[in-house]
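Here the structure comes first, spelled out in structure tokens, and everything after it is commentary.
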Amino acid sequence: MEHSAERVVDTVKADRRRVLIITALVAIPLIAWTLTQMSLLSFGTQILNGLSFGAVLFFLASGFTMIFGLLRIANLAHGGFYLMGGYVGITTTLVTGQFWLGLIAGGLAIMVLGVFAERVLLRRIRGLVKPEVLLTIGLTFVIGDLSLAMWGGDPRTVPLPGYLKGPIQIGDSFFYPKYRVFVLGLAIVLAAILFYIDRRTKIGAIVRAGVDDRETVAALGININAVFTIAFMFGAFIAGMSGVIGAGFLALLPGQDFEILLFALVVVIIGGLGSLEGAVLGAAVVGLIDSFAKALVPELSFFTLFAPMAIILMIRPNGLLGKAP
Amino acid sequence: MNPLRALSLTRRVQLALLVGALVAGMVLPHVVSSFILRLVTLALVSALFAMSVDLMAGYAGLVTIGQAGILGTAMYGVGYVASKTDGGIALQITVGFVAGMTAAVIFGLMAMRSSGVYFILITIAQGMIIWGLASLLVNITGAENGLPGIRRPVNIESGFRYYYATLVVVLICSLALFVVVRSPFGHALKGLRGSETRVRMLGHNSAFLKFYMFLVSGFFATVAGILLVYLNEFVNPTDVILGASALPVLMAILGGIGTLIGPFIGAFVIVFLRNWVSLRVDRWQTLMGLTFILVVLFAREGLVGAVSAWWHKRIDGRDGGVSSVLHEPEKREAVLSESG
Amino acid sequence: MRKTIRKWIVLAAVLALVAAACGDDSSETTATTAGTTATTAGTTETTAGGTATTTGGGADMFTELKIGVILPLTGGIAGPGADARESWELYFDTNGDGTTVTTSNGVNITYVMEDNASDPAVALTVATKLLEVDDVDIVIPGILASTGTAVGDALGERTDVLLLSPFSCNDDFTQRTPLEGYARPAGWSCSQTGKAFAQWAYEEQGYRDIATACTDYTFGYEHCGGFADAFTQLGGTITEQIWHPLGNSDFGTYATQMNELDVDGIVGLVVGGSAVPFVTAYSDFGVKNRAPLLAGVTTLDQSALRGMDKEVALGAIGHSHWSEGADNPSTKQFVEDFEAATGKIASYYAAGNYGAMEWIVAAVEAMSGPEWTPDLMLETMKDGLVVDTPFGQQAMDDEGAMVFNVYINEIQEREDGKLWNVPIFTYENVDQYYGRDRDEYLTQPPYTKDFQGTGVGG
Amino acid sequence: MSLLVEEGQRWAVIGPNGAGKTTLFRAISGEVHPTEGRVELFGDDMTRAAPYRKAQRGVGRTYQVTELFQELTVEENLVIATQAVTAERFCFWRPVRMAGELNEACTSALEAVGLTGARHAGVSEMSHGQQRQLEIAMALASNPKLLLLDEPAAGLSAAERKLMKGLINGLPRDLSIVLIEHDMDIALDLVDRVLVLDNGQPIAEGTPDDIRTDQRVQDVYLKFD
């Protein structure tokens, strides 16, 4: 009974934080705008830039946060998943000429890899955080090195279909890359699907219950191991797919696995680990901060990702939407 | 502990191993090439660095992936004086030391309220901020070009002498760490690993304890930084990237986290994989990754844990409590408490 | 114990020196012995380093030379590293038996190649290995400026080793604070090509207002600085300088900023993995429709073009001392050979290593004498040697920097559909002070973010 | 509700499950901060003080569910508890074995609960009963003025319960004790005063004899048992 009272307090606090973040989402661009004499057009373009970069980050972070939330595994191989998924996608697209096939193939390949990693490797050390760290980093090394052996070290991009290439032109002077708009749209679709699964389906309910209290779910007679595997599969699928999507505007190259992992970490920290809406908000906030900071204080761009993360963690040691330990 | 127990078979073997290692360390420069000697020197420095990380990650259960920030700041302190001013060795070391400890203080203040996975994340951010500063402050750090012109003190200039200097410093520091983990403070750290709430309920100010931990651990990281910068005679932002902070953690886990000998062994394995095996094997990264995976699967408590388990099972079943001379008794892997 | 060993070594060295001195005025047979002994003396002098010099069979020419090559075969710039590796293999396969190349005057050149994982600290360890274990005479210190600086600094006091770097282009290595025993055969100075490019932009294109968008580190400062300084000296204006961080991969923000500029062209420089997203953003954000991209060396290099979308890159203008489409016999030959061996069009990284090796061989063939020394080799290289490299004909100035052709390239589609750089204009014999008086030039500070030439800014 | 514990007094707080006994303890020891009301300790208002401050002022506490450092030894557990309230906790320059004061404190705490022989045993290898004893030793190790015991006999066998009862009875008389106990027989034998809670509200307070005969208490207990 007292337990549920604490929960109510938690929910109220979480709501307050949500309001705060949304305020921040609006405030960052507005402050940026008033600070500079940015034209309305370029202001709008920078918002689009921030959001479309955020869309890629959301793809990355949603898989990561799902795996963390349910399995409590900080899957440090996520960057490796991204990298290899991207490479598989590129090759598939080159061979078949179909971007969509590449997208799916990248996701499927990593899904298979993910099932292997979860069932064969990670299951043996469930709950042991330090072995998990060593194992997932080891996996990243192997994935990264094999990718280098197979695809070489040159930066690679995914060949886009004609309708996603080049800019959209509005009027005489406004250009915006079609692909960025497409990625933004795709992220919205993915978010909608994830929210639907999470809020409206039985599996979503099980997953949510599992995030809160694994023992209870197991006690209800649900095969929690199967749920874990499915969640890991799904997370890995999104990670692989995000590699293909990311390859469309960031280019894939060796060493990017760890860079990408950092991005995923920053987003989930700002949003709170294990929370879907956290991933949405975190991705948008990070994307916008990145975009405007580069424009306003370019020399500080080394800090624009990590300084906010450090400050947030200093003030709120459990992340913005995170619950107390 | 009674003297009889100290003379047990396990103890005697441990003592023999320790003496053997010391003798090997003393005669090594006379038998191996100067290249191998450099690698051993690097491994010794890495071992000290990994032990400083293990004090947090292994003993206190607070995994830091930003310790290269402290190490690197000390390196830059030395490098700045050596490269940009005409300060002598004494001034270089002093500035390096003060710089490293300042970083430790700031890191401590930032992270002392965090725990579990959030502790990992804030330390990552700290390391990356130091990396950002190293890349940004061109006039102080030389950014990508780094700081050239750092030279070892004249009397320990050769690789041969520098090895002995490193050996002595690392031995003294290991001894100091041996005391630290047995001290009341060391016990408090172990308490933190068990349950931070419980430690608080017993009357420890856990935030301050963590801050204090950063100072003690940062001290050893700073010493390692000063040793490293004179070994390489160079410092550049790559010394403070995420990978540089992750390596000591991997070394500790690989060797056996929560022990002092573990990071030592892990450091040697990883340094030789990265610098020696890589000369022979093109796909050395795959090999390193596989090593990590196999160790996790077949020696969950690291190499030291596996050897010690085997020893207790086969040779010395009765003498269960004691593991290694430089090794704390507990054998169970602590499960990091996290929050969701 | 160690002290005793040392004593013996010193004693042996003294004896050897005496023997060598005695041998000078003896008959030919004695001279051979003396030569051998002298070599031993040399070895003892530098116990750690050693020397390649061995006189075999009594000839008056050294016979062995060993090169240590440090390359980023793993890590962030493994792509260029692979090209570089393949060009070494190509050289030794084409001109030798795969491991040894014998020069026309009978010197056997071998090489040892090691991976530095794109990390200066590893490069330093590897350099120790090359010097101590392999006993190399020449070190090629990797591709990144940071590894070059680290290894260069470590070798600074070694008089028995030559440091040759086709890639570390920091101006001051051959200008204000030159490195001892260092040269950059088939290399360049970071600000060198931009000076000729500025002339082309001003004189041939009639551009007057230019903006720059270079990477925010030394290479970017010097590269853009070379252009900006020369362009403003000619009378042009640098209206805006955008600096983007090293390793940046989302160029949306910068493209949006570039879109607001009213200029004749934008000089852009990015390295490594940033090239593809930079050029893509330049095109996709429509910046291309307002001002042409005037790119530097690494931005439109093959290593980046291979991963780039055709429409994005076609028509972009680059400038470099390397042009895979140049109409030189030596360039054509190299590009053909490299493609036959690897299936790839040669990049600047491939050409640089191959060219460095051609320089070494040319220098050795021009050398004589019983002993190889770094100084002798450097002097030979600087002494009017002209070498046919994949870059075309090159010479070295007194400071160890290169004099070469600068090509203004356009990205075109080859018959087989691959993109490549084709020269549309050539400046010949461009030296590192191009168009400037050396002494006057050196009174300027090196290019930094704050100093981009006297005519830029305030 | 108010609870005034005088120096050296022994209290029992009893009541059915969910009556709020443990919450009361949590408020006293500082794990939760009450939304209203005050916690005054040793003459000072410490309502919102952090738990470690209260512990340093002299509040010792045991838990309903054993909370020990399972992977450490008995001695290590005690050292962590003992040093917490001394300056020793910042000492990193000498091993515990050389810190005499700390050693003695551990020894006397072990003696007080009768665990001297198990000093170097690993906690996880000890029986449940021994672990409960160790908990009390840990609470005693920091030399508290007020000891909060949350169901010290929970999960013990009848014989062990008797032992525990004796142990608590033998604690120094100047130590104030508040005890939560489900088992009325144990609770009422040990204490001077009793507080009965139900549903977060006090329903009775008095000497053990008063409580034994109190009808409301009987009702409450009958309702649940």
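Letters A, B, C and D mark the chains as written, and numbering starts fresh at 1 in each.
One rule holds in what follows: contacts are C-beta pairs under 8 Å (C-beta built on N, C-alpha and C of every residue); 3 or more make two chains touch, one makes a residue touch a chain.
The shown structure was predicted, so the numbers you read here are calculated from the model rather than taken from an experiment.
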Query raised in the report: What are the chains that chain A and chain D both touch?
Result: B
**Report entry** Central chain (distance from its CA mean to the mean of all protein CA atoms)
**Finding:** B
Report summary line: Looking at Cα centroids only, farthest away from chain C lies chain D
Report task. Averaged over CA atoms, how far is the centre of chain A from the centre of chain C? Could you give it in whole Å? Result -> 40
Query - chain B and chain C: spacing of chain centres that average the CA atoms, whole Å - result: 37
Query raised in the report: Where the centres are mean C-alpha positions, what is the separation of chain A from chain B, in Å?
Result: 32
Query raised in the report: Using the touch rule from the top of the page, what residues of chain A touch 2 or more other chains?
Result: 145, 148, 299, 302
Query raised in the report: Which chain C residues touch at least two other chains?
Result: 74, 245
Report task. Find every residue in chain D that makes contact with two or more other chains and list them. Result -> none
Report task. Spell out the residues on chain C that touch chain A in their complex, using ranges where they run on. Result -> 74-82, 118, 216, 242-245, 247-250, 252-254, 256-257, 259-260, 272-273, 275-277, 280-281, 283-286, 289, 303-304, 306-309, 311
Query raised in the report: Which of the residues in chain A come into contact with chain B in the complex?
Result: 69, 72, 74, 121, 124-125, 127-131, 133-135, 137-146, 148-149, 211-212, 258, 262, 265-266, 269, 273-274, 299-300, 302-303, 305-307, 309-310, 313-314, 317-319, 322-325
Query - chain D contact footprint on chain B (complex, rising order) - result: 1, 179-180, 182-188, 190-191, 194-195, 197-206, 209, 212, 216, 321, 329-330, 332, 334
Report task. Give every residue of chain C touching chain B within the complex, in rising order. Result -> 1-2, 48, 73-74, 114-115, 117, 119-122, 124-126, 128-129, 132-133, 144-146, 149-150, 152-154, 156, 170, 217-219, 245-246, 448-449
Query - Partner chain C, residues of chain B touching it in the complex - result: 29-30, 33-35, 38-39, 42, 135, 138, 143-146, 148-149, 159-160, 232-234, 236-239, 274-275, 278-279, 282, 284-285
